[in-house]
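Below are two complexes that have chain A in common, paired first with chain B and then with chain C.
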Partner chain A sequence: MVTDTVKPVPVPGTERTTSVPGTTPSRLSRLGRALLPGPAAGANGAALYRRWWLPWLWAAPAILCAAVFGVFPFLNTVLLSFTNAKPLGGAASFVGLSNYRRMLGDSDFWLATRNSVLYAVIVVPLMVLLPLMLAVLVEKKLPGIGFFRSAFYTPVLASSVVVGLSWQWLLADDGLINTWLQKAHLIKQAIPFLSDSWLILLCAMGLTLWKGLGWYMVFYLAALGNVPNELHEAAAMDGAGAIRRFWHITVPGVRQAMMLVGTLTGIGSLRVFTEIFMLGSYTGGPGGADRTLPFYIRDVGLDPMTGNAGYGSAVSVALFLLTLGLTLLAQRLTKEDES
Partner chain B sequence: MTTAVERRRRLMPRWRDYGRPRELVVRYLLLLFVLVITVGPLLWQLLASLKSTSEDVFGASATLLPRHPTLRAYEAIFEQVPVATYIRNSLIVVVLSITSQLVFSTMAGYMLSKPGWKGRKAVWIVLAASMMFPFESIMVSLFLSIRDLGLVDNLVGVWLPGFVGAINVLLMRGAFLAVPREIEDSAMLDGASEWQRFRYLYLPSAWGAIMVVVINTFISAWDDFLWPLIVLRSENHMTLTLGLSRLQSSSFGYDQRMVMAGSVISIIPVLLLFVITQRWFYKGVSAGAVKF
Partner chain C sequence: MRARRLSGSLTCLAVLSLTAAGCGLSGGGSDGDGSATAGGCKVAKGNVGSGKLTGEVKGKITFQTTNLKKDFGGFFNGVIKAFEKAHPGAQVKWIDDPGDNTFTQRTVADAQACTLPDVINVNAPTATALTKAGYLLDLSVKDPAVAKPFVPSFWKSATFEDASGKAIHATLPWYTGGVLLTYNKDLLNKAGIDPAKPPTTLFGLFADYEKIAKAGKGKFYATMANPIWRIPADWDQMNIKTLSADGKTATFANDPRTTQWVAWMAKLYKEGAMPKDSLSSSNDPSTLYSQGKVAYGSTNPSFVRFVKQNSPSIYAKTAVGQQPYDALGRASAGAPQYISVAATSKHAPVALAFAEFLTNAENQTAWCKDPNVVIFPTTSASLEDPFFQNVTGDDPFSQARKLVADQLKRADTNQTNLSPAVQNAIVSQVQLAMQGKKTPEQAVKDAQAKADELLKQG
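Up next is the complex of A and B:
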């Protein structure tokens, strides 16, 4: 199967210059061998014929990208947070801890932090459970189930902007939902989904959930395959209903996947931007009341006129620490869960 | 003796093989309910985009189905908005991203899957570290770098930070590790050079992972919003998502049907990709479970 794809290659007059095993000068001490370019200890086969710089050359673009656009920006963010750099350039000077001092007394910063944390607190449990229930629903192979699975996945494919537009129209004062509710005489006045700051936040959470549902459903489908079917059959024999089987067999069976989904959605909740931008407009809700941390970073750090990249960086560091804290917490919970 | 028809009938599943009728009805009702919730809003967008200007999109008199289906909104959006430019810009970023991601993640992944060269661990550490920082927490600094490179309001600036992702390198490494060592050794004995082994032995056997990289890159580049919003400024450099979001928030009061038509246009390429590559699509979820 795999060998079929190998093209027969004519044997050239071998021009290998690197030494082969056994011929390495034994005088070289261990330290010397470790320092000198050449195959590392334990190398065999192809590795011995590879010049020392070749792997580096091949991996160079990836290393460069990771270093320049991944690691360096973070270190730079920490540095910038002690300056008053402007987003569009100009002289920046060292200002010590004043950005952090300003941050601690900034009520807008705390509001954004509260929104982000609230987002995680509400979205994570729902995002852990709802896609799992959905996965259980589509797990059984019924006629047409492939269609349903694909259909449930479509919101994942659309960009947040597109689904944001769609929800905006659904939730508008004269939008579909308000119209239907009014037609059904359930409400008299339109519910201000897009002008009340709490409702905007809740709707944005709904949007995040709705968009992530299909993604994590597929994720859980893979995990559900590992739950032995016999357990379900035995429980059903003993008279356990679908709901009890879900809580006592499915949930413990996919525990690890749930922990992972919880971690991922927690980190994701702290990254929310577009949902708020689409439903709460570019101000981030009335008076910026719905801004999340990334939204706030963009507002204070990157605005061409009033932005302060130094202060934005300080908030960025706060966002990173929050993410890190969440990751560590999740790790700890996972470890406790395993033992 | 059983006839062929009878035997076939026995092999074909019957409804009652799937469970008790009551359970089946409940299952399908639930499936339909979720279907309405998940696809409904998008479908409604499609239907509304087909309405003529004489019909209401909103309000008490609006119907769900267009009474006079027309593609006028699609013509209008191309006439009134530089949507063709938006699409071209999005495609430029997508093509650049896929090309660089594919070439460099396979090459780095290949070398990382090989044992016995010095500095592997260092490369590993740099790649892993780069995945630790959420994009939102480094975007200020990233923007300053892009500014220093003179790439503000430039599509290259949109593409550059994502020219090769560590997650894709790890994905490719995993795929290459699955190739048995013996095959590589025998290819070497036949005199295949490093490049030949990579090109003719490893790449063809990592087809699935390559598809996952292509699909994930396509979707994230096509759907991305925050970074283009930060980098791009002028109208003729905007990507499609950016252009669409501006249509909605602009004070021009564009026809709603037109904006919906734009949304439909933006979903179509991804939907097509999904239909064509469905087999690899779901693999990507478990392989690159970092997307939200």
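Up next is the complex of A and C:
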């Protein structure tokens, strides 16, 4: 009588592979098996996948990139903010909190902060809603709708130089907009779009919106695909109009995308530089009245001849905290809204 | 346990990174182990310190110009070919930078990354920054005979301060443009101004601008409003000391003529001598002049070439005149373009040899003779060439050459070297005065305070 012996089932991750003497697999082949997409023949694949270091190995390139290009520069900036370092290097000494004290007492810093915050406060809500409305419009499957989708996306592809020149041409005293308004007898004198500091700021916001609409429209088009059409049909049968359906079905359905767009736009708005430079030139508008925080950092921290990288770093840290604060506030508001 | 070990390792890494950053802050100067550094980069010992540079002219170097490839590709390729022929084993790779307003920042970033091109065309602000940080070769030390070909005044002014405040020759003067008035004769005639009699003072020129404002009535203008085009050039011409001798404090507010100058600018802006929307515009007069909407063009002689190429009808109405010499009594021609050699060069003997070859009298003369350019050489032998001595022709192009050749014999090449941030700070205040938001007195006072604040931190 042959007695069947029951082989013990190894606990995953604790088994040891036996090997015939002289054929012990090398470390290299074990590593190879671990890295291959599937379990190697004769080995317990699950066990190999449970090597503690394997997830770290996959994540290593991304972690390395984040550390080198994100974490390290950030920590370096924080460190520099307590020194009087110069943009070109050289000897620097620890100055404690004096850069922060100077920053808080500098009226130019507060002006730049006001402009940056104002930019975010106006641009973010518009950038969250307008591309969504645009996406709802072009989502419909109508003949020729592809043309409109492409047309709305075109500004995203245009180079900054071309956009800057085009907007200057549109907004100049003898530009297209003023000429039309004057020919239509709506205004007698040209509107000083490019010489009034408030108008420059508003036009720069318009430029940001114009360039970003198409980009975020694509985000929303993807998100709208996840909103079940049945909900719209049911609501329509219950007598809900288009506007009601938009606020009660579409908006809740794309809330996560709105959160993402809001966060990205908020960060971008606080860091705005190019649009102000395009319309307000080197000084950031007449008298530097449209300077935002990045403009201010350029002037006080990055100038190779008279810059103070330590002070510039302190302002950069303030900009970071401002961005972080607004992002957390937006998240909190969204959560409260959801609950 | 493993996770804890990993966290520990990452913490160590972060601490090490921070320590490394801290070390980076104190960089510069020589290392204790005897190896040489330039800025924050390890370099060959011969590149820094005293002693002539020696070594074989062999190896590959990079040569960077600023926005010259499009128009002068043929000339520079010829120079490179001739150099490589004269020095077998030497190779020159030519790159061309667009030379936009981020040039200094980008070049400084290259220097910090130890990737500065071996031979580089720089302007005065960039040369100032690079010399201060020790990224450029001290040319008069590395080749004591290097000064010989240059006009003494150009060579004398081609110095910049190193980290210790000592003026060194980190640049070779290359080409210079000079400065002149370019104007539309028709528009001047309409305003009752005689184009053949350009004013001799800047306030005289401003008075002409006022006449143009009255005649133009918004149809055409005298010039552009942004004071960034005139500061500090106008003040230099008026012999107003913008900065103290050591460059560490602003002094322009101490001269009452500065307030008068700002008052004039505010008046001209208010009266419509300048397009209102050009107050903070980055556009120079090129476009509007070419459209016949602005009476005075750029003061750069090469502007005449631009008009000739892009607007022949306006070129036909264009004339040139001497820039008002004002209180200075001679042209404030500004600093020339410079050629520098990076102290970080791995083939410094090749780089130095090429820099000297490029700026020698023969090559400078050849380039200046290009029919499409109005530039002038900085070498004595070149200026003796009949091409510059006997200018003929009545066209604006030839006249521009003649005027600049005359003025360069005794021109002032010591343009005030303002950092972009200081210049922006001053310009901002003048803009506020032009808008009527500040009195000229207050604007000048505030401009000086803002400039001082930046100079103090620098």
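Convention: the second predicted complex is superposed on the first by the 258 of 339 C-alpha atoms of A that agree within 3 Å, B and C clash if a C-alpha of one lies under 4 Å from a C-alpha of the other, contacts with A are read in each partner's own complex, and residues count from 1 in each chain.
Just so we're on the same page, contacts are C-beta pairs under 8 Å (C-beta built on N, C-alpha and C of every residue); 3 or more make two chains touch, one makes a residue touch a chain.
Since the structure is predicted, the reported quantities are computational estimates derived from the model, not experimental observations.
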Partner chain in contact with A:316 - chain B first, chain C second, else both or neither: first
First (chain B), second (chain C), both or neither touched by A:59: first
First (chain B), second (chain C), both or neither touched by A:286: second
Residues of chain A touched, compared between chain B and chain C (which is higher): B
First, second, both or neither for A:303, with chain B first and chain C second: second
Partner chain(s) touched by A:142 [first = chain B, second = chain C, both, neither]: first
Partner chain in contact with A:158 - chain B first, chain C second, else both or neither: first
Touched partner set for A:219, first chain B, second chain C, both or neither: first
Partner chain in contact with A:117 - chain B first, chain C second, else both or neither: neither
First, second, both or neither for A:91, with chain B first and chain C second: second
Common ground on chain A, meaning residues reached by chain C in one complex and by chain B in the other: 52, 56, 67, 71-72, 76, 80, 85, 87-89, 168, 172, 281-282, 298, 302
Contact footprint of chain B on chain A as seen in their complex: 2-3, 5-12, 14, 37-50, 52, 54-56, 58-59, 61-63, 65-74, 76-77, 80, 85, 87-89, 134, 137-138, 140, 142-143, 148, 150-155, 157-170, 172, 174-176, 179, 182-183, 208, 210, 212-215, 218-219, 221-222, 260, 264-265, 267-268, 270-271, 273-274, 277-278, 281-282, 293-294, 297-298, 301-302, 309, 312-313, 316-317, 319-320, 323
Sites on chain C touched by chain A in the complex: 2, 6, 13-14, 17-18, 21-22, 24-28, 39-40, 101, 104-105, 108, 111-112, 125-126, 128-129, 132-133, 163, 226, 228, 275-277, 279-283, 417, 419-422, 424-425, 427-429, 431-432, 434-435, 437, 454-455, 457-458
Of all residues in chain B, those that touch chain A in their complex: 18-19, 24, 27-28, 30-31, 34-35, 37-39, 41-42, 44-45, 48, 57-60, 62, 100, 103-105, 107-108, 110-112, 114-120, 123, 126-127, 129-145, 147, 160-166, 169, 179-181, 183-185, 187-188, 190-194, 196-197, 200-201, 204-205, 219, 222-226, 230, 241-242, 244-245, 248-249, 256, 259-260, 263, 266-267, 270-271, 274, 278, 281-282, 285-286, 289-292
Residue ranges of chain A touching chain C (in the complex, touch as defined): 52-53, 56, 67, 71-72, 75-76, 79-80, 83-92, 168, 171-173, 190, 192-195, 200, 280-283, 285-288, 298-300, 302-308, 311
